[in-house]
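In the two assemblies presented below, subunit A is common to both, partnered first by subunit B and then by subunit C.
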Partner chain A sequence: MNTFDSIIIGAGPAGLKAADTLANFNRKVLLIDTDAKIGGKLNLWDRLFPDFSSSQELLNQLSKNINNENVTLKLNTNIISIKNNDNHWMATDSNGNTFYATTMIIATGFDVFDAHRKEEYGYGIYKNVITSVDLEKILSGEVSIETPSKVAFIQCVGSRDEKVGNNFCSKNCCICAVKQTIELKEKFPLTDIYCFYMDLRMFGQSYEELYRRSQQDYGVNFVRGRVSEISPTMDNKVVLKAEDTLLSRPLKLTADLVVLMVGMEASKGTKILGNQLNINNTDGFVKSTDRYLSDSETTLKGLFVTGTSKRQMSIPETMNDAVNAAVIVNNFLNTL
Partner chain B sequence: MDKKNLILKKLDEDVRFHEALSACMNCGICTAICPAAEFYKYDPRAICNIVQMGNVDEIEDLLKSDTIWYCGQCMSCKTRCPRGNTPGMLITVLRKVSQELGYFTESEKGRQQFAIEQIVGKNIVNFGYCVHPDIVEPFMHPEQGPVWKWFRKNIESVAPRFGAVYHQEKAGALRKVDDNSIDEIRRIFEVSGGNELFDTIEKFSEQKASEYHQNADHDYLMKVYTDNSGEHSK
Partner chain C sequence: MISFGFSLNTSRTIDIDADNFDKCHSLINHVPSYKRCIGCGGCAATCSAQQHSQFNILKCNLLFRRGEYDTLSNELDKCMLCGKCLLVCPRNVNTRAMIISMRNLLKTK
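Our next item is the complex of A and B:
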């Protein structure tokens, strides 16, 4: 029987950091991911806000200790059920393999909102409508495009929207768009950029300053209004309809490229496991026992949760949360 | 009850009011999708904001303005609102309150309520049709072109060529609506408050007509039907 001190489900930033921390406490950890490589959603981004640091560099740092003797990594492994039996946790994968541990940490994270669901924005219909994730490939140089003359960013795609069942704010898209507009301007200095927003929530350290730089140094235009729909033009561009709510005027903008700032939903894995154990919120994210005092614990003894499987977080918040979870798990193991 | 409390009470008592507006975040997506907002000085988001802020003086101004009469009631706004509001239904409620308090006679577009009540409203209860060729007078509908006059004159021979059964008691377009159905329509208007609303519109319109020293049935009717300040579009 494979027995570990802890099984961590999800080898994204949260899982990696928690594994690293627990390994340093000399705990035996099994780190599992359904993907073929570690890093989770970090792999989708080229550079990180607000300092444009490299995501791959961060991933290299995070994965340094993965080969540590205390950490066993299992990729391509899809956990479909979690059970508790006599104070031991069991995780079973889709091939019928079962793994055993004293504790379990859910680090199954988030999924990017599927932009096809906002049909009125034409993602998958018009080739010049892309998501913020698609844009990263352009910014990294993996995909090349002709210089666009006008680019529009649309905030809150799949967030703050009852129509798709997501009332929450994904909170990272605001600053992510600011980062991406600057990167796009550096790549294409002559491109005009318009960013449609409802509120710009610059909650983090130096976010507001970056927003200001995007206006002051890069000339990015911010328009306060939610886009109602996108339609094609005869010359293969697209037209956006919105209201400039600060002027009380409806407007139409023709653009060569539209970037949909897709939000963060509880991942499929998070929803499945949360449902199974009855520890999720109505929005699908896993609920911690108390967000002030015991934010890594769940109502089930020995089951812990970290990172964006709980709620939307930035990468630094995820790092801190993962360390916190690992400390709590280590303390729990010490009491046994 | 003073006038201001009356306005708020009337809004609150209409079940549609609470359905229409619960929490607006002023994103403007309703205005962005609104066909009326493209042409008229009309901004459904701004209307929601005024009502949500609850300043009764501003709401009263709204009820007396042209603004609430620009909406075409297509309800496109309902399909988009990320907070599940329906600005178009809020307009419905504001119009009802404006009608009941007689504020509609204070604006050019509002005064047209009298024309639509006299023409479309009465048509329904008299003929079972909102619009029927017998009632669409050529002099009131220049947009129909000269052919309309000719069509009306020759309707008995022309209508069958379009498959219509003009004034006949059988199935098809332009058929005579039978007396039982007309009776039913009238009863519906009686029990649903339709007739009462007609009376209210007539009462306030007659008052306004007398302010203008006009007779309501003709001069005032033609005035509200044709007045156009040219100040409505953007």
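Our next item is the complex of A and C:
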């Protein structure tokens, strides 16, 4: 009855890497995604931190082995329910098709925070307020803009904020902002850039060095303080109000462009499936059995989880996590 | 005329739009390491002058960076150029050169 050894839900970096690894173990995999193309959120970024490598190049590398006899790819397929029945897993899509497998891997990932929810920043109200995702299109050249004289970056939009129900740190935005300020400076060398932060968390390898370079080589200004509100000016710019917390004084700044560094939330799919199976945390991400010893397993036998459906991860972390999940799934299949 | 002390208060707001950054840019040319400051306050914590006065080297640094030069020249005179701050700075900012350069720049119109 089980057509596949494993069904992987989500063909982003985690799903692709897990599928590739399982296929190398000669396992039959069904890789499903709701989108029309593979890559998931990787498609939203042009170049990656901290080394400015191309996201599409990475995607090409990841998908190279997907056209392999062990992997069946199903796009435009929205899985709405997962069930376990007599040691096999069933996934049903919105068209009523059901797929069967011995194991299931949730790789449904994250959604970018919807910046409209922070109304005080005016996303969707002022045309010069954009998100970090929108900025990628400018940096890649897909969208062109006039040279801005002043640009402000605002960190922690939708992260570390009880007002939107997200107490967590999204952990990738700090370094992403540093990457984007450098790219913007390379594109517009005369533009002044101000980056407003609460804390800068440069935890990863060579992140701190990139931050240092953004100051030393590109002259990016970092201001410690959370912007409280943004309002329009007569000449179609915006004014930002913040506290310069290192000086204990209010600060205001007129900008031509404001970039909101939007955080990572559990994706809609992650929330739906997690809720259905009662395996999610209060923040919507899927809970693994034990983050030290069994981080790919869930409390349900034969159901596994990988990547940003568990928590915020960078792409290299996601890759490692997906390989780990695939190895665990392969071991599990060996015991049957 | 007798001054009764009634006047309009000036705003405490740091107005990036109104401030002039010429001196700040000159400072960056003289002391490029100035750009690397991350505002940790290690310099201020070790400062001999701060133990006995209101002098705060980090605050001077930040005010200069924001183009707020008005109150600075008196403040900078309190520094004894002992260089302890130079020893503790994690970003290796040449703090002593920074102070000397700031003093010189504030003298020029």
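In this section, the second predicted complex is superposed on the first by the 334 of 336 C-alpha atoms of A that agree within 3 Å, B and C clash if a C-alpha of one lies under 4 Å from a C-alpha of the other, contacts with A are read in each partner's own complex, and residues count from 1 in each chain.
Just so we're on the same page, a residue touches a chain if its C-beta (ideal position, glycine included) is under 8 Å from a C-beta of that chain, and two chains touch if they have at least 3 such contacts.
Remember, it's a predicted structure, so these values are computed and weren't measured experimentally.
After overlaying the two complexes on the shared chain, residue contacts for A:Gly219 are found with subunit C alone; subunit B is out of touch.
In the superposition on chain A, contact of A:Ile145 is made with neither subunit B nor subunit C. Shared-chain residue A:Tyr194: touches subunit C; no touch with subunit B. Of the two partner chains, both subunit B and subunit C are touched by A:Pro250. Of the two partner chains, subunit B is the only one touched by A:Lys163; subunit C is not.
Subunit A uses residues 224, 244, 250 to touch subunit B in one structure and subunit C in the other.
If you check the complex, the residues on subunit B that touch subunit A are 25-34, 37-38, 43, 45-46, 80-84.
Of all residues in subunit A, those touching subunit B in their complex are 120, 156, 160-163, 198, 224-229, 241-245, 248, 250. Residues of subunit C that touch subunit A in their complex: 12-17, 28, 32-33, 35-36, 38-39, 58-59, 62-63, 65-66, 91.
The touching residues of subunit A, when paired with subunit C in their complex, are 150, 194, 200, 212, 215-216, 219, 221-222, 224, 244, 246-247, 249-254.
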